[in-house]
Amino acid sequence: MFLARVTGSIVSTQKVESMKGHKLLIVEPYRLDTDSRERLLTTGRTFIAVDTLGAGEGDLVLVCQGSSARLTPETKTLPIDAVITGIIDSVHVEKKSVYCRKDGD
Amino acid sequence: MFLARVTGSIVSTQKVESMKGHKLLIVEPYRLDTDSRERLLTTGRTFIAVDTLGAGEGDLVLVCQGSSARLTPETKTLPIDAVITGIIDSVHVEKKSVYCRKDGD
Amino acid sequence: MFLARVTGSIVSTQKVESMKGHKLLIVEPYRLDTDSRERLLTTGRTFIAVDTLGAGEGDLVLVCQGSSARLTPETKTLPIDAVITGIIDSVHVEKKSVYCRKDGD
Amino acid sequence: MFLARVTGSIVSTQKVESMKGHKLLIVEPYRLDTDSRERLLTTGRTFIAVDTLGAGEGDLVLVCQGSSARLTPETKTLPIDAVITGIIDSVHVEKKSVYCRKDGD
Amino acid sequence: MFLARVTGSIVSTQKVESMKGHKLLIVEPYRLDTDSRERLLTTGRTFIAVDTLGAGEGDLVLVCQGSSARLTPETKTLPIDAVITGIIDSVHVEKKSVYCRKDGD
């Protein structure tokens, strides 16, 4: 899995029937800043993931990829390869806090 | 999943029997321009995806990869690893519109 | 899926029993030249794919990756992650021909 | 599979029901230093993996990705794509030790 | 699949029960030198693969990734994503030999 920031959303009217009614969010994978090792940085990549948890713009989330994206009750039969499986409260690296949801960072 | 622009198509006469009759489009993955954060840019990569929605050249589409590409009624038994699951109407990032189908961009 | 040029072959005597008798080709993934947008270029990567279509050196082929590589009659039970599913006749990008088998390019 | 260093952990209260109670660690993939060929280096990437072995910060671990991450008794039905399958004692490359757990390196 | 050189091995005492007794080798993916097109070069990456063929350090091998790594008799139920499926005798690219096991290269 990887950590990602929710940055936006997409609208698609013409889509595979089973995809109707599912929320699709834009997520930007994040990685540890390997210089300071004290904060998370964007990787600059853009992915689309299904959300079933009510994640909102700005949230840091956990994203599961591949066939396992279908292992949630809501996504079992969907043609999807990425799903949000958690909204992150905090991230600690080497005993230091590198992300806390209340920080808004 | 990822966003991609349909840029062309391929013709193949000699192919695996089950692939006959399926439309194969060239798709170019797009990502957010992380400088301006106001538009989408090509990643410069080239993939081939099966289309069952009638997508056309220039359309921005949603592409699903991996075994999940077989989770649509038309692709269940095909040896494919990418399928177009939606034609994108609009993309919003951080409250701004970065793509709208009518813009032709 | 991706487009690739067949560039060679490998020989392996000592292999997993089920792999015996299957043709293994070297394929080099190609992408669109994003400068001219008029020809295909090598990505410089090297993959091995199973061939069941009689593809030959120089041919541009369609390659399917992952578990779907087992979705052809000949590859159902093989420990493989890539199979050639088509020999490409022509590729068109933005109304222009960027590859034609007869060109020998 | 790949080698990775455990560098931290994440906390997520709001998550997919089946994920509750599973330990999620931050792992940083490592590779051989191809200059000296005598030590392992970080790749600078950040992944999240489920741990069922009691791995701790600083440990070098073996990580399995994809659908196979569900092939352990504890992870069978989870929406996960990475699991720690071993804690590494030592790594030898070309007859030389490049990692030994007691070294603390 | 990809070609890789076996460069070493790892030892792990504390591991998922089903992994006990399986040989884990370090493999370094190789690609064609796209300048000379006459030899294989390391990609500098480091992967771990299960070996069931008795491959040894220095051998060039064929590696299968993903769920298909479980399609050999010995690996059916293992949490692994890479297996060695062949020991390479020779590699030919564009009619030239770029690798021969007896060369020791």
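Letters A, B, C, D and E mark the chains in the order given here, with residues in each chain numbered from 1 onward.
Keep this in mind: contacts are C-beta pairs under 8 Å (C-beta built on N, C-alpha and C of every residue); 3 or more make two chains touch, one makes a residue touch a chain.
If you're wondering where the values come from, they're calculated on a predicted model, not measured in any experiment.
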Worksheet entry | Distance from chain E to chain A - Cα centre to Cα centre, in angstrom | 33
Item to complete: For chain D and chain E, let me know how many angstrom lie between their CA-based centres, rounded off.
Response: 20
Discussion item. Can you list every residue of chain A that touches 2 or more other chains, as numbers and ranges?
Written reply: 66-67, 69-70
Worksheet item: Viewed as a graph of touching chains, is the assembly arranged as a line, ring, star, complete set, or other?
Response: ring
Item to complete: Head round the ring from chain B, going the chain C way, and note every chain as it comes up.
Response: B, C, E, D, A
Worksheet item: Touching chain A in the complex: which residues of chain B?
Response: 1-3, 30-32, 34, 40, 52-54, 62, 64-73, 75, 83, 85-95, 98
Item to complete: Could you pull out which chain B residues touch chain C in their complex?
Response: 7-19, 24, 26, 28, 42, 44-49, 57, 66-67, 69-70, 77-82
